[in-house]
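Chains here go by letter, A, B, C, D and E, matching the order in which they are written, and residues are numbered from 1 within each.
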Amino acid sequence: MTQLMLQCLLPILIIAFGIVLSLLLIAWRRSQTLILIFTLTIFSVALLASFSLFVNLASDIQVTTLVKVDSYGLFAFMLVLIASIAVSLLSSTWLIHTTEVHDEFFILLQLVVLGAGILVISDHYAALFLGFELLSISLVGLVGYSRDSEFSVETSFKYLVLSACASSFMLLGIAFIYSYSGTLSFTDEPEILTNISNSDSSVGNVFFYRVGFLLFMVGIAFKLSLAPFHLWTPDVYQGAPTPVTLLLATVSKIAMFIVLMKFWFSQAIFVETKSSDENILFLMSIFAIASMLIGNTLALKQQNIKRLLAYSSIAHMGYLLIVLMVISPHSVELAWQSALFYLTAYVLATIAIFMTLQLTQYNHHNTELDVNDWQGMFWQNRSLALLIIVAILSLAGIPLTMGFIGKFYLLNVAVKAQQWWLISVLIIGSGIGLVYYLRIIFVLFSTAIKANNVNEKNNPKELLPLPLTLTPAMNFSVVIIIILSVLLGIFPDLLANFLVKPY
Amino acid sequence: MSITLVMCGLLFGGALAWLLEGIKPQSARWVSLLTVLVIGVYFAIALNSTAYDFSTLQLLVRVAWIPSFHIEYALALDYLSIVLISLTLFLALICVLVSWQEINDKVGFYYFNLLASIAGIVGVFTAVDMFLFFFFWEVMLLPITALIAIWGHEDRHFAAIKFFIFTQVSSLIMLVAIIAMSFIHYQQTGQLSFLYQDWLILDLPLSLTQYLMLGFFIAFAVKLPSVPVHSWLPDAHTQAPTAGSVLLAGVLLKTGAYGLIRFVLQLFPQASLNFAPVAATLGVVSILYGAKMAFAQQDLKRLVAYSSISHMGFVMLALFSFNIIAYQGAILTLVAHGLSSAALFALAGMIYSRIHSRDLNNMGGFWLNTPRMGGFALAFCAAAFGLPGLANFVAEFLSLLGAYQRYPILTIIAAFGLIGSAIYGMVLFQSVFHGKRQVKPQAINDLSARELLVFSSLLTLLIFIGLYPNSLLDFFQSENIKLVLNNTAGVTK
Amino acid sequence: MISALVELNPLQLTFYSAALLAIVASLKVVTSKNTVHALLYLVVSLLAVAVCFYLMGAPFAAGLEVIVYAGAILVLFVFAIMMFGLGQDETLHAPSVDGSKVNQFSLWFGPFLLALLLLIELVYAISSGEIQARLTANTIDAKQVGILLYGPYVLAVEIASFLLLAGLIGGYHYAKPEGVGLDRKNNLGEHG
Amino acid sequence: MTDNMLPLMTETVLAFLPFYPLISFVLLILLGKRLSWRLAASLSIAAMVLSALSSLFVISQLSVDIPVITSHLWTWFTLSLAEGANQTNQSAASININFYLDGLSAVMISVVTGVGLLIHIFAAAYMKADENFSRFMAYMNLFIVAMLILVLADNLVLLYLGWEGVGLCSFLLIGFWYQEKANVLAARKAFIVTRIGDTALAIGLFILFKELGQLTIVDITQNAQLLWVAGDDKAYWITLLLLGGAVGKSAQLPLQTWLPDAMAGPTPVSALIHAATMVTAGVYLIARMNGLFLLAPEVMNYVAWLGAATLLLAGIAALAQSDIKRVLAYSTMSQIGYMMLSLGAGAFSAGVFHLMTHAFFKALLFLTAGAIIVALHHQQSLFKMGGLLKRLPFETALFAVGLVCLMALPGSSGFFSKEAIIAQLWSSDTAGPLLWYCAIFGALLTSIYSCRLFFLAFMGESRFEQNLQPSSSKLLKFSLIALAVLSLIGGVFANIIEMSLAEVFPLDTRIVESDPYWLHSVAIATPFVGIIFSWFYFASYRSKESAASNKNTFIASSSGIATFCRQGLAFDSFYHWLLVKPYCYLAQLNRRDVFDQLLMLNAWYVGLCHDVLKSSQTGKLRWYAAAIGLATFLLLLVLSVDVISTEAS
Amino acid sequence: MIAIPLSHILILASTLFVIGFVGVITRKNTLFILMSLEVMLNAVGVAFIGAGSAWQQADGQVMFILILTLAAAEVALGLALLIQMQRRFKSLDIDLLSKLKG
């Protein structure tokens, strides 16, 4: 371990220390505010550290065999941190409603971030597996966190069992791959090529590898909630507290996707030397196509906002898979940029929507928000409604927003790789997606129910909640997110320039 | 000459209207009226004071926008875009005026959307960087969708979603084609480029261009709209508020035709030539089908909407005839239909504001109370079925005359659309103004001064262009257009 | 088949019988009605697997299997069973479906078929590979493992500790009785 | 100076000629009901007077030296031509707003302005009581504008403008009393049926332009005669399509059905548009394009046959009508049939001459009928009239004059023109003896239905119980008398017409000697035969027998054949079943737009998929886990199937 | 030591894995599901150790140790949830947990 290596690990180390210090802090004094501030500090410091590292990174740095720090991973980690900061801020508004002190929540949150951090820099199946499990186990603790919720047990049990199942599949896959290649590192030359010089390896041999790959992908696909491993997603999204859902939708997805890309691009090249990656590509297209179609279709008539977002996230991960479809190594860089840009757009939009969701939930005293509960928000709370509109348009990939540029990137990759099938499915999927996205936006504008309610003032239940009044800080962040989404949607180079490896 | 200023001015005016509404409720209308007027005057003055020769495409602005993709902010003008922008600005005025009393809810936001969509449309007509073009193409949809979805009639959400999905899906196909073109540019020159002028000099293999052409074609055919992808239009038109319909019919459909002229035909001459029989057939089918469907409608706005489909069929047929006469006819059709359908939708709006129904069965005998409106309605119906002396006649005549040079049989079939248009025109006019009076006499008033202004300005233009079409056509006589068309024609030989 | 068996040397024979035992015991785990029985079968299965480990040349892993798995983890299960008195049949706690055989059959048949097909595919994949005789079965002792574990894998060990921490905190959060960890201030206040 | 000034002045006068009524139209429309009757009437009549004087002036300038006067107003639009698209070497063809006056158009404008003026005067009196008087006069003026443009147009596009313009005015005037459902439908029918013909005309223009690169009438004639020989295929098709246009406008077979219904309009309208001017536009078109038609003898033959068929059909139909105006309408159809027959036979000037005389006497007939109808409180049924000879002697006399002309009794204007037509049929290349017989039979029919009309309306017992209200307006009487005079002495124009048209039409080179000697006498005798026949056959109509026997006759007239005839040989219902019904049915069938349905099927399908997929979200953990296994299994299967296929290959 | 073919070991691992999986999807009792999960994880361990010895590497055993850690963490969480479930539903029937759906 050289000093350089330690420097590279600094952001991760900060989080790890943060966890330990939090434990000590709890031992010293149990206070909601204190632990919140502490967590935020840790995240911010880690963010700063990663940013300075990101700027100064001169080359990819391998730290032991397990991890390799590169700028893509660091960027993704910054995204993770930003999302986590949003989660902590949101949870602070939620956790005050119950009487317990929620130290565990913040520790688990930090553990999630740690797991994500390990995932995004991992270069080895062991690191992947550990990061994966750290993420899952902590999330299991979080999804059912509010124990007084009726869905607490169900959510966490579902997540635990299914996640354990999926990770078992993944581990079996890793074992298969390992027995085939003889190495657990992504980037090492596989032993099968160095040790055994059986150049006449049969097709069956590759099939064995493929089975391993598929089993491995089951785990990844589960986490990314790619169809057909998506079934858990809406249930867990709905059952989990809103900030945790945000965590699931952002941190977990970013980290898993980054590690998938790292794995894939090392693997794809590896497979390329065997000159037969068609089947695996085919498998990936199945994932992508199924996710795009099933995700969007399921969201079509969904009323519950969280479930709707769950389904839409399935579709988005399907879109994102397109970046893996590159054929030539030259396009890998574009694929990375595309993925990171798309993820940024996705994360920003998701944060925006969940933020609104959390705020309105509080206002409605109802955790099961329907789309219709947002009725007429545009006329009551313009900035919040604008935030949703921008976010939804971004998710739908309409110009003026980041999401469009993200989609533009994806299409660039797909056109370059000539994946016409994927492109057509993407177009169809977007078309279906518009139905429910637009429905949400229209609900924001519609005023029909309000008019009815005026007539029935004596029924307090049907009264609309009071217009939301946001604290200046909230208002500020809302405006910031809106501006950011639109600004980056119009001048994407502000962000895109960061996504190019400087070396 | 700054188109950017025009767009920003419109946006700014819209925003101002929105803001000021909170302070003084009635101000939004005046602000937007003033904005459109000022912008229109500015546009006219700026046009006259420039030294450019707009018979060819003149690049006005070219600034790097997204360097990582070599995307530029590039705007250009030629007579085609000038004519269409003028039409847009004129109809903007009409839109502001027809909404004057119709919209009483969220007026400021309404005018913001109206002006924003106009700004977007102006962008579409001027952008020559294809990414920028696509950007405007999409951006203009948002406010229009909002117009439909917020201030529309009973089924507005459905119509808005349908409208948006049709255009969005088709334009995504176009986006794919755009990206593919930029990659071809990359392959041939080693650099990405989205600039239209750069693309014109590309050497494209035919096998590829056919698909690329189709990508563009689909997007524009949906917007035009052409059968069989027209079905968003009746719904959108029917449900939109009057100004929305005016905007949709008057200008938005024109963007599809504009795209066909500027991009499909010019970028892919050979491919479009090969595709022309299909496109022309679609045009003919649109003409007849639109006319037939218009006849079957009971809803006044739906009727007019289908008549738009019929008219746009002429454009499609004319454009894919590769003939200078037909080309002029197509351009004239754009203007003429812009005016006449705008007028008819305005009429529908005025009737709706009086009897709160669009059902033809609830109308009849209006002439008794509203002879002025009836007179104008007659003139506009006559324009719709191509009465000589009004702009539409020259347009259709030129289109068909030119198209006949290339597709005799198709054109003869298309000419039956003239009968169809007479039928629906008669049905439209007579069911509203003739027959027994259906409502109480006091229910309907004749045109107010504002409405009179709207109608008379539209009619004046229709008659002027109808009798003196050279005022427009002179711009499209230039050698340059002939050159392009001859090039396309030359490919055949 | 018989001849093949005869040709096996004692070590191999041991391996295969242990493997068979593990499979049978695992089957009993998932089919057994009684929780405690199932648990005992699980112990058997784990022990049999430990034997296999040993025969594969991984004595350290075999030891861990016995100590940690069969020892520590299963003890947790036992505690859980004892806590709730779950010794009985699961049908006591799950609404019974008349216990009829048809129902039992239909309950099992689908999953069983699915599993069988999955297994066939896996086996097909395994046998299609050229990994048949690669195993040299030299013992990899604890020292090697240790060197590796605290060399290149040192980060993994650290992370594993956090993994356990996560499990611990999560477990604590769920298992703690209602009301534990209430903010003292709030607890004493009006919310109390 | 004056030598130079005069042509310039003539041109200017010609240029403004059609626009006086336009000014009047605009003023009348703008001021509307604010104008008093006197003001509105004088405005519109003044415009007509100006136009009529102008036309007198310009016609007087025509001479052998100046056979043609043209006046250029402005260039309408320019048709650029692709290189080598046609045989001529020009690069663009201008379509101008140009007026072109030669002998033919001189005849036409004199008819239009002259008869138009008289009818305007009549209408001013006739419509005095109508609350929309100024609108009516505005339409009438507008019609005159369009008609003048039609006949003065120097190119076919401008002609088409006038052509459509008169169609629109006809529509407006038929539907003038728009509150009656029947009027509305009649107006619609008139417009749409003629529009069918117009479309044919338009297609004809397209072909013409493609083939010749020209749309100016003079150039077309010249080029066509240069490029094509008689019997040319292109000429055949073009003229056929032009004929289609003419047939529509002139209410000839097979597009004749609109004219009887068009009688729903006020009577001056029927006189002006549906008798004197507009319906003869088709005749004018064919006469105007004679150079082209001569190149297509087959089409000339069709023209003749269509004319003959129409005149017979209309004659038969007229026999059974009960509405006085419908009788006249069918008679108009039949007379135009004569004109067509004449054109088809190559006797262009005879046709045009008949056009003029017909305009006089048919206008007279209609207007007189109008006066009678007003007197009878808008009663139009012949069976409700009778015995008017005594009660309305003035009108009866005028009507008799008209009928005499219609029957072409010697001395009347109709005699000269109709005899001129019949005389040329026998030996024409494109007609022949068979058509001559048709014409003669038609003449017989004409005299029979005229007599029937006269007997029913003016003789016999009065069946109208109420008091009559004959109009005493001097204006009305003046115009009627003027028309009657014109009808009677119209024959004197024969030579003038012959002379002025000599430049326009090719010389008649046929040898008349081959005609049998008895032709003329038969032709002259025919109307008398008809009169004598009717005198006896329709004796009951003029007798003063008991009402009962009359009743029987009327009942008999509603028998099958009579009904068939009355309905214009059932063409209406034939078209109704053949075209209108299927079109309406198709429209109704597909009201919801089959393409839309197909596209929305996708939406429905996606919705269905949503429901299916949604049912997979059962919330059951064990199913979710099983789904993971199932999906893995299936994906493995996909992979292995793929492998097997690669192995095989 | 005598070599045992890697394929046999992997077949053993797969068999155990599939048996565990069947347990997860068939048993209604939550406790059994947790046990079945243990069987699955254990099977993965077998595969890793087999592969490790095949390649003469200790990595397989390291992975096994890590899996062991995971198993421990998982069981801890699972049993805690079990307690929670028992408290709330007075039953361990997994099918009770199907309120979230659609």
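In the analysis below, contacts are C-beta pairs under 8 Å (C-beta built on N, C-alpha and C of every residue); 3 or more make two chains touch, one makes a residue touch a chain.
In this text, all values refer to a predicted model and were calculated from it rather than measured experimentally.
Counted as hops between touching chains, the shortest connection from chain B to chain E is 2. Chain B has its Cα centroid nearest to the centroid of all protein Cα atoms in the structure. Contact tally for C-E versus A-B: the pair with more C-beta pairs in contact is C-E. Each chain gets one centre point, the mean of its Cα atoms, and the points for chain B and chain D are 37 Å apart.
The distance from the centre of chain A to the centre of chain D, each centre being the mean of the chain's C-alpha atoms, comes to 76 Å. Separation between the centroids of chain C and chain D, computed from CA atoms only, is 98 Å.
Here the spacing of chain D and chain E, counted between their Cα centres, is 94 Å. Chain contacts: chain B has no residue touching two or more partner chains. For chain D, residues that reach two or more other chains under the stated contact definition are 614, 617, 619, 621, 623, 625-626, 629-630, 632, 636, 640. Of all residues in chain A, those that touch two or more other chains are 126, 130, 133, 137, 140-141, 144, 147, 156-158, 161, 165, 176, 179, 204, 207, 210-211, 234-235.
Contact between chains, per the stated criterion, is found for A-B, A-C, A-D, A-E, B-D, C-D, C-E, D-E.
Across the complex, chain E meets chain A through its residues 6, 10, 13-14, 17, 20-21, 24, 30, 33-34, 37, 40-41, 43-44, 47-48, 50-52, 54-55, 57, 59-60, 62-63, 66-67, 70, 73-74, 77-78, 81, 84-85, 88-89, 94, 97-102. Listing the residues of chain E that touch chain C in their complex gives 1-12, 14-16, 18-23, 25-29, 31-32, 34-36, 38-39, 42, 45-46, 49-50, 52-62, 64-66, 68-77, 79-84, 86, 91-93, 95. By the touch criterion given at the top, residues 9, 11-12, 15-16, 19, 22-23, 26-27, 29-30, 35, 38-39, 42, 45-46, 49, 52-53, 55-58, 60-61, 64-65, 68-69, 72-73, 76-77, 79-81, 83-84, 86, 90, 93-95, 107-108, 111-112, 114-116, 118-119, 122-123, 126-127, 129, 131-140, 144-145, 147-149, 153, 156, 160, 163-164, 166-168, 170-175 of chain C touch chain E in their complex.
Contact residues on chain D toward chain E in their complex (touch as defined above): 614, 617-623, 625-626, 629. Interface residues of chain C facing chain D in the complex, by the touch rule stated above, are 110-111, 114-115, 117-118, 121-122, 124-125.
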